[in-house]
Each structure stands twice: as structure tokens, then as C-alpha cells.
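Notes follow once the structure below has been shown.
Chain IDs A, B, C, D and E follow the sequence of writing; residue 1 opens each chain.
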Amino acid sequence: MPDYSLSYFYVFVFFGTGAVFVAALLTASGLVQPKKKTAEKLRTYESGEEPVGGAWGRFPIHFYIFALLFVVFDVEVIFLFPWAVLFRSFGWYGLVEMGVFIFILVAGLFYAWRKGALKWY
Amino acid sequence: MSVDVVGLVWLVPGIPLAAAIVNGLFGRRWLHRTTGVIASVALGLSAALGLAIFFAVLASGGQPRVVTLYEWIGVGDFRVDTAALVDPLSATMVAVVAGISFLIHIFSIGYMEHDRGIHRFFTWLPLFVFFMLTLVLADNYLLMFVGWEGVGLCSYLLIGFWFEKPAPYTAANKAFWMNRIGDWGFTIGTILTFLTFGSLNFHEVFDKVAGVAQTQPLTITFIALAFFLGATGKSAQLPLYSWLPDAMEGPTPVSALIHAATMVTAGVYLVARSTPIFADAGSALVVVGIVGAVTALFAATIALVQVDIKRVLAYSTVSQLGYMFLACGVGAPIAAIFHLATHAFFKALLFLGSGSVIHATEEQDMRRMGGLRRKMPITYWTFLLAGGALAAIPPLAGFWSKDEIVGAAFTSGHQILWSVGIGTGLLTAFYTTRMIYLTFHGEPRDHHLYDHAHESPPVMTVPLMLLAAGAVLAGLVLGFPPDAGFIHRFLAGVVSAEAGQQPEAPNYVLIAVLAAVAVVAALIGIGIGYAMYARRRPDPAAVSRAAGPIYTLLVNKYFVDELYDHRIIDGGRALFGAAWAFDAHIIDGIVDRLAWLTALIGSGLRRVQTGVVGNYALSIAAGLLVLIVVYGGYATGMLHR
Amino acid sequence: MLDFLGLVVFAIFTIMIVGAGLGVVLANRVTTSALLMAFTFLNMAGMFVLLGAETIAAFQVLIYVGAITVLILYGVMFTPQTPRAYGLFFQKQTPWGAVLAALAALPVIVVAFSFHDAKTVAPPGGDLNALAIAVFNSFAFPFEVASVLLLAAMVGAIVLVKRESPAAPPAAPLRRSEPPR
Amino acid sequence: MPVGPFGLDPLLWAIVRLLIAVVLVVALILNSSLLLIYLERKIQAVMQDRIGPYHTGPFGLLQTFADALKLIAKEDVRAGHTDVAFFIAAPALVFTPMLASYVVLPFAPPLVGADLNIGLLYLATLGSMGVLGIVIAGWASNNKYALVGGLRSAGQLISYEVPGILSLVTAVLVVGSLSMVKITETQTGPLVNLFVLPLAFATYLVSSLAETNRTPFDLPEAESELVAGYLTEYSGMRWGTMLALTEYGNVVVVCSIMTTLWLGGWNGPGVAALPILGVVWFTLKVYALILVFMWVRATLPRLRIDQLMSFCWKILIPTTLLNLAVTAVLLIAFPSTLVPVAIANWILLVAFIVLLPVVQQRRLRQLRKTLRARTAAAGVAS
Amino acid sequence: MPLAAFIAVSAALFFIGVAGVLVRRNAVVILMSVELMLNATNLAFVAFSRRLGVAGERGSVFVVFIFVVAAAEVAVGLAIILAAYRNRPTVDVDQLDEMKG
């Protein structure tokens, strides 16, 4: 199947090109740009204030909860795509199946909502 | 558009389950009294579908069909599916269970209206229906056992519904324990069945029964007895009957649904379903018949003197269930199922009627009632019809079925059992008359109570009327003409003792004579009751004085509870004491030494339990390595067995 | 020539997968491990493409690179560690574990080379339809169970993470102009 | 032996074609970025009644070239405490998926890099990869603004990916394929999918605005709060790659997806006779959509992060799920016609537009009430 | 490409994952190693599925379900790690031994 292989070879090459292009661009830029490093320049930028401590500390946890919800809905997507392409041939049966599936996930979303996990602050 | 109704059979238990889940999850917080409506609508759908399936089976000429939901267990040769067996027997049961449950759910909306735990009630009740339908529909013993245990659980929950009070709580425990004894029998029966037949599927088992009966008749008898022990537990037969009267501590609709119409009939259903086993089980069948007859008489005598309206009905239920087992025992399982169906109608009606009375008066003691006829006409008339059916007055439903059972006892040559049946019929008529008179007739004995009594709302009376229609007509519709009625033809292929044989043409002269005897007995019973309670001649008090010790014996229910307490439980205690001594000194002695040894080894092994996950992972990986080497060694042929 | 190209691509993927996989285990910064893990996953998707399973490859990138790696990066960021000597990144039992893994790996890899190709090889690509039919017809029940599993994971993780008192109002009044964080 | 175009061996032709494609796409990205930045400035200026760039070249056309040259020649500073490998990897990580997206974009019948069976899924997948680069950029900078900005952007991107993909799935229900070429071929008539699925289009438009960090979702560069978000420590060409090239490249990609799925792709008068004409139609449609993006930018203020997140999870995702359900049910119920779907979708769209302010008003009132209660409680306490 | 090559790569990656679980201290890295192991099995599944299956996509279906399980596992695993970290700021598995008996 040269068609299949070729198509994905294109994809592969494009991925490679992306990396190579960025590298080349930055190298080219590195060749022409001036390099005068001073202590002030190298300091972390905090709107002109003296930086206090590093940034790598602890964070509020709600970032994690959104990532978690996203993962769950992303997993839903891997079932949705195949279903969407063939859902006419599955008919009502497939519709009910997917309905139950999504309903259960939405119940989870609703739970998160009620628990206040969707609040940002 | 033709719809495969039978294929939808799983929706029949499924809808009540969904209602139970919804009510259980959202009832307390949001739904409250709406739970009743949800449950009733669900049961309505379920009942409609159940009826549709009944007619579909009827239309298909009673062909059995298996509807598999999914494979439940598949281990080697042992395969159990979650599958429904839809045949005339289960279709009849489904229609009866779902239909009666529907009416009782509606009645409960009114009855439980003011109860704080209504959402709990309407969670357990549909859940119960779900399990009951599973039990009835199961196509194998294991799935049936699931339903069996499930109804036991729901019964426990519902008897103890008012768990704040000590009596319901104790009664629930009692029911649970007694049922456990029966369940033990069922378990033994199931295990033996599997060991003997290598399958638990009804059809596979029944196909092999005849062959196995040739070689191992004793095993078959033993299986039958084990199942019968299970049936006595669930259906409240001697010796495991005493939980049922106590179960009246639960709400009245529960008594009506579980302890009159459905769960207690599970035992009968089990025996009827297992007819091929029992038919080849020889003496087991005799045991069934005798136990049934004795229970019927025994419970009827106790019912004579009870003063609590629900207890009278409870003992009457035990007695009627005895009739059903009697029918099974004399080789007339169709009559048993027939009586089951009619009994479901009129007993549910009696219970709901009593519930209506209790709802109106908040009193259960019949001695304080009286004259309620004028206050509660609908309840009275429906109750009267149901009482007539119970007393087997033609042409009400009970007459046709009970008469057939008693007749079958005679024609099969069990004259003693027949006479017991007739005697019980007389007693039944008597206590029914007594109950109706004490409750509805005569002068009000407690005016405060009388003045506050009122007719129940339509949501309660309409189910009463519907059930009354059933109590009047069910016998005629299903069982006329006797021994060759609709239900006989419908069920003949499934549960007749000699499956496949054409039933002989019934001897109508004999039937008529026997029926006449039974009716006369019933009329005598009614007459005595009327004389004692309406005319006071002889005065009931005088009679009880004259009877003296017998009366004491009856009022105290033959001291069975005390007997169980003292003889069995004390005996058990003594036995356990001895066992304890053995345990404490000899077993524990060994154990103590072992423990010492274990401690010694353990103190050495403790170092392994570092609590460090990495070490555990390392052990797992080491195990993996061993597996790879051993399995890979065999697979590649480097190692040999 | 296409076959040769395929071989080259396969070799690249293999080197990347094994190299990046080793990097995950050996790197002394957790963030590096995470990035290399994502890279391994990406190359694994390439392997799937080579096998003709384009849909699985896309799902691989979607789930592993797009979702799971982000989640793990969050986990890395939420659990900062003080820098320390390289040896301390490993457990005390390291030599045992390494030896054990190597011992177990050897026979398995040897056995792996004994597999021969089967006769029937489906044409590559277009596996989306077959997958959909299999999932929604033969595996309908596991499919529904999967949603319950996800629900359980979601609820469990939220409960675990949101353990701090949820209803405690802040002591100071929130001014409207103050941007919520 | 089959012979390809120009008398070349098919394989050789394929490779030549690949090289052409690579060069074309890279050139396209570079040029369209420059052009779009210029357009953006000019259009914003017009809308705000200003002149915009006009010194360099005619109408200021060369302004962005000058800027690009400046960027290349500028020193890119890497602050002292950065995580070196990550800091360098991040621009490549955001740029590469964007570039790879161009493989499947159907510019014209003869001008498609590779028509994958799962083209749309491929695009969705690459869209989800960009998040990685942004999280890493934020983390690697070891700067509090960058880190919070990175986490916020990541939160925004992953959240809006869900309604975006759900909208795509809704459209797939109608077109029934994931191949970009086949999707285009289903819409040859004037009745493109936009008229059938307007709500899905609207929800996808909103989520793609968020996916490309465009106003009103440009939180990452909320200057007043976070300086420049995850880009704070980036300068010179690294900044140029990450922001200028990637952002505008991504805008082109999402607009192409919308063009293909909803606007009929390359289809237009004359394409049947002269296939290459498709490029013109395609480009016109894409640029029309880009103009909408710019219009939005000039009109709407920026959202706050909590509004942004709750809008996504509490409004947009339920809406898209509802839309998906309604569309699926109607398609199954009426398998031969799209009219019911279209009617339902238009009704839903109107309802969405009408109800949105109502819901927001209610939420606002509630928020005010809690705030007042809190203030009162604090007042009593003190 | 021969089937054996894919299986060998899968086995190699799987044991790299095993080694990661056995030697690393950081719980998050251990989780990553588990993911590597899961992915290695995915490769084996897909390889066998493509080579054996005529129309049977059973192997691929398993891979999809592994995706589900992997996502759930990471979500809960990380939540546990974060919860443990909140009690005591460490992710070293050999210091999280408070339940040892």
C-alpha cells in the first residue's frame, strides 16, 4: 500500500522538518545576534522587583482537577470518533450505548460541579 | 410493526430496579413523596410488559424460550448465564407478581403518605420486585438463588422498616435467621445438583433427571428434600413458619406484597419449577404433602383465637401455603400454581383491606373494632368478597383452586390428607367469619376509635376494588372447568408431574361430590362463626373457658416459640458450651503452640515487611521472573513435566 | 526502496523508543523523565503507524502525549524536590532491581525473536471502522464498564485531591476589584 | 511500469512532491505570519480609527519584514535559573505540531499533502500536543509569571479542547468521514454545513479562539496580570517562533478546519473545470474567517480566568454535548434528510445566544450576593 | 518489518519500565515507568492484532481499553501521590512507609 505508507512518510517528514526548521532558525539567529550577557539581564524578570525564591514551589490544586477532567473527556473522545463515523450503521442501539456512556461521564462532571471542583478560586 | 416482546423480558425486572436506584440515590434529598409515583409508574410499565409477555407466550402456544442477557460465569465446563427462561410457568408468575405489585405500590402511596421514611420504603419495595422477578425468570438455580437471597434481604429490610421500635427489629432478625436455615437447604440442594448433573441450568438438569434417578435414586431424594427445606424457610412451613406471623410488624402493604402474594410463594414456585426432580424423588413428595397438610391444619387452629387482625391473616397465609404444598405433594403442581395465583389476589386484598382499616383506626386489635361496616363501605365489601374467597365459597376465586387441591388429594388416594384439607377448610371458614364479624359488624366496642374511623382515599380504595375483581373472577377465568381449565392447559406442558402425558378426562361427578363436601364444610364453619359471634350462642368466652387448656395452647401458638427458645436454643447452647470447652482447651492449645511458633517465624520474617514499596515491587518482579522461567521453560520444551 | 525507507524509519523509532525509555529511568531530573516519556510515546505512535494501525496511533498521541503527559507534568510540578546527588535518585535496592529486570528481559526478548509472521496480514490503514464495529458490537458491555471506571477514577481523584475544608470562607472580605487567582 | 506526472518514476515523483510540499508549507507559514501580523495591525487600526503601520514600504507593508529582521538579529536572553533543555525544547514543541498540521489541509483537489483516512482526528491530535510545549515553556523559565501563565494557558487549552472536539464530532456525524478530502467532497453545493450545523460552528469558533489564545481568551499574555505569561522569559527569535509563527500558523489551521468542515473547503464556482482554482476559494474563505477573528479581537474585552473556565465547563461543554445528542438523535430518526437537524440547530443557536446573557446575569447576581454576605460576615467578625 | 522485531521492541520497553519501577525512588517516575510498561503491551497487542487478525480488531480494542485504564490509573495514582505529598512533602517511595507493620 504505497498510498498509506507514503502519506505517513509525509507526516514523518513534516515532523522532522518542524524540529529542524526551529533549530535552523534559532541557530541562524544565534549567528547574527549580539551576545552581551550581564548579571541584570540574566536575572529572572519580576517586573523590576528583586526575585524572591524560585518559581518551582507548590501550587493550588485546582489546576490538577481541570487536567483530570480533561483526561477523562479526552478518553471519551477516543470512543466518540469511531462512533461518529459509523453511527448511522449502529442505529438506535449505538445511540443508546453512547448515550449511557456519556450520561455516566456527565454524572461525573456534575459531581465535580457539585463538589465545587469547577470553581477556579 | 411487530415487536419481539419476549426479547424485552429483562425490562420487566429492569424497570423496577431502575426505579429503586433512582429513588435510592435521589429519594432522600429531592424526591420525597414523589418516590411513590416513580415506583408506581415503573411497576405499571413493568406490569404492562409482564402481561404482554404472558399473552405473547400464550400466543406462541407456550413454547419455552431462553433470553440470555450475558454470560455470567464461565469457568471450564461450569457455565452460568444471566438468562431468563420464559415459559408458561414463569410467564404466569411474572404476570401475577408484577400485576399485584403494581396495585400494592399504588395502595402504598396512600398508606405511607405520612411516613418519614417513605423514600426508603419506595427504594426497597421496587428492589424487592426486581429480585422476585429475577427469581421467577431465572433459567438456572444459581441465578434463582440470587433472586432468592435478594427477596430475603428486602424482606428483612422491610419487616424492620420501623427499626426504631424493638418489635419490628426483632421480627426482622427472626425472619432473617429462619430464612437462613432454609437458604442453607437451598445451597446444599444447588451444590448437590451441580455435583450430580454437572449443570445448574433447568433444562439440562431436568433432561438428565430420569437417567440419574435410575442409578442414584437416593441422591435425587436428598436434593429434593434439600430444596424443600429451602422452600419451607421461604414459604413459612413447619417447622420454619414462625417468622411469618412476626413479620406482620412491617408496614401492611409489605405484608400484603411480600408475606402474602409474592415472596412466600417462592418456595411453592421452587417446588413447582423442580417438579421433574420431585417427581422422581419418591418419598420426598410424600414428605412435601404431609408437611403441607399438617401446616395447613396447624396454622388454621392458631388463627382461630388470634385477636390481631394481621396475625389472623398471617396464620391464614401459612395455612394456605400449606395447601399449595399439599397440592405439590399429591402430584398436582398445577393446582398449587392455580391456588398461588388466586391466593395472591384475595390475600393481597385481605391484607390491603386490613391495612385500610389500620390506616383508618390506627389499631390492630379486633376486639376494639366493630361496626366499621358503616364507616368504610368499600373496604368492607371488598374485604367480604376476599373473605368469601378465602373461605372457598363458590363461585369466588378461592373455591376453584382450593377445591381442586383437596380433590386432587382424594383422587390421588391420600384420603387422610383429604380429610385434613376438609377440616382445615371448615376452620378457615370459621376464623374468616369471626374476623369479619369482629371487625365490621356488631356494635362499636371502642367509640373513640369508631368515631375517628373514615374511609380511605381513592388511591387506596381503587386497588382494593381492582383486586376484588380479581378475587371474584380469577378462579372462574383461569380454572373453569375444573381440572381442564385455561391454566391447566397452559401449564400442562411445563409442570405436570408426568410431563408430556395428556391429562385424563376429569371425572366431573366425583369432582362435584367432593366440591359439595368441601362447600358444606365451609358453610358449617361459617355457620358456627355466625352463631358464636353474631348470636352469641354459644358465647365465645364460654367456649374458650370450656376449652380450657386447648384454648391456652392455641392462644400461645402451641408454645412453638418457647419450644424453639428452650429446647433448640438451649440445647444449642449446651452443645456450644461443650464445643467451647473443646475449643478452648484442645484446639486453642494447639493454636497457642502454633501461634508461638508463628510468632517466632514472624519475628524473623518481619524484616521482609519493610513498608518500602520498592521492596514489594522487587518481590513481584522476582515472582515474574520465576513465572517466565518456568512457563517459558515448558513452552520452549527446555523443561519437561 | 519504500521497504528500505520503512526499515530506516523503524530503526529510528526503535532507537528513539529504547533510548528515551532508558532516559526516563536514568535521568536525574523528573521533568526530563517526563519529557522523554512523552517522546517515547510519540515514537510509539510511529510504531503503530508502521504496523498500519493509524487510528490507534492517533489515539496514542491524543491520550498519552496530549493528556497523560500533561497530567504527569502537573504531578511533577506539584511535588518539587530539593536537588541532591545522582545516586540518591535511586532506591537502595537498585543493583538487585536492575539485575532482576535484565535477567527477566533476556529470555523474553529471546522468545520475542522466535515469532514468525502469520499468513494473513490485513492491509494497513482504515482500521477506524473495524475498531468501531468491534467496540460497539462485541465489546458493548466492557465499553459501558469503561465509563464507570472513568467515573470512579474521576470521583476518587477529586475526593483525594479536594480534601481541604471546602466551605471555609476567607477571613478577609473579597473586594470586587481583586482579581481571583 | 507505471509512470507518474512529468514522466517521472512514481516513487521519485512522490519524493519530489514531498520536497515541494515541505518548501511550500514552510514558505506559506512564514509569509502568512508576516501578512497576518500586518493585517491584524492595519485592521485593528482601521477599526479603532487609527492609521496603523505606514512608514516602512507602501502602506507600511514592509513593517513586519523589518520586525522579523529585528527579531532575528536580537539577542535572546536566557535567564540564569532556567531549565536549559526544556527552555530550548519548548519552541520546537509548539511549532512542530502546528507545521505537521499542514500535511492534511486540503487547499485544492491537486494540492493536498497527504489525504489521511483519519485526517480530522489527526488534526485534533496535533492540537492537543501544543499544550505540552506551553506547560514546558512556563516551567522551564523558572519565573513566577511564566509558571502561573503557563499553567493557566494549559488549563485553558485543555479545557477548550473538549468542546472543540465535541463540535468537530457533531460535524462528523453529518459528513460521515474523517478524511479532509472526502469531507470537502460532500459539500459541493451551495448548501454547505454552516447552514446545517450553525451551533456546532459557533461553539467550534469560540473554542478555537481559545485554542489559539486569541482575544477574548488571550489570558496567557494578560499583560496587566502576568506580564507575558509563559512567554515572559522568551526573547528574540525564540519568542518569534513561539508567538508570531505558531500563533498565526495555528489560526490558519483552525480556520482551514472550519472552512473544510463548515464552509465547503475548496468548492466554489469554476473548480470543476479548473481544480487549481480551489486554492483561491479556500484562501478566500480562510481569510474571511481570519477577519472574523480580528474583528472579535478589536471588539471584545478579555475574560477573567475564572469566567473563562466556568464558561467552558459549565456552559460550553454542556451545550456541545446537548447539540451532539440532538444531532445524533435527529440523524438517526430522519436518516434521509438534514432538514430537521438544521432546524433544531438553528433553534438551539438562537436559544444559546438568547439564554447566555440571562444565565450570566443570574450567575453575576449570585456572585454579588455571596460577596455581600462575605463582606457582612467579615464586618461582624471585626 | 517482521513481527518479531516489534515484539522485541515491546519486550525491551516493557523491561525498561520494570527496571524503572524497581530502581527509581520518585513515585512520579515510577508512575511514568508503569505507563511505559502499559505502552509496551500496547505495541505487542497491536502487532499481534495486525498480523493475526483478518477482520478481528480484538487486539486493537484491548489497546483502546488499555488507554482508558491508563488514564484512570494516572489520574488516581497522581491524586494519591499529591495527597501523600500534602501530608509529608516527599515523593520518595521508601519514605512513604508509614503503614509498615
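The definition used in the following text is that a contact is a pair of C-beta atoms (placed from the backbone, for glycine too) under 8 Å apart; a residue touches a chain by one contact, two chains touch by 3 or more.
Because the structure is a prediction, the values reported are computed rather than measured.
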Co-neighbours of chain E and chain C - touch as defined: A, B
Centre-of-Cα separation between chain B and chain A, whole angstrom: 59
Would you kindly tell me how far, in whole Å, the mean C-alpha position of chain D lies from that of chain B? 66
Compute the distance, rounded to whole Å, between the mean C-alpha positions of chain A and chain D. 14
Using CA atom averages as chain centres, what separation in Å is found between chain A and chain E? 20
Could you list the positions in chain D whose residues touch two or more of the other chains? 11, 116, 118, 121-122, 124, 128, 139, 147, 151, 154, 158, 161, 178, 305-306
Which residues of chain A are in contact with two or more other chains? 2, 6, 8-9, 11, 56, 59, 61, 63-64, 67-72, 74-75, 77-79, 81, 85, 102, 120-121
Give the residues of chain B touching no fewer than two other chains, as numbers and ranges. 612, 614, 617-618, 621, 624
Interchain pairs in contact, sorted by label: A-C, A-D, A-E, B-C, B-E, C-D, C-E
Footprint of chain C on chain D - complex, ascending: 11, 83, 85-86, 89, 116-118, 121-122, 124-126, 128-129, 131-132, 135-136, 139, 147, 151, 154, 158, 161, 178, 225, 304-306, 371, 374-375, 377-379, 381
So, in the complex, the side of chain C touching chain D is made of residues 1-2, 29, 31-32, 35, 38, 54-55, 58, 61-62, 65-67, 69-70, 73-74, 77, 125-126, 128, 169-174, 176, 179-180
Interface residues, chain E side, partner chain B - complex: 18, 21-22, 25, 30, 93-94, 96-101
Please name which positions on chain C make contact with chain B in the complex. 91-93, 96-97, 100-101, 103-104, 107-108, 111, 141
Chain E-touching residues of chain A, taken from the complex the two chains share: 61, 64, 68, 71-72, 74-75, 78-79
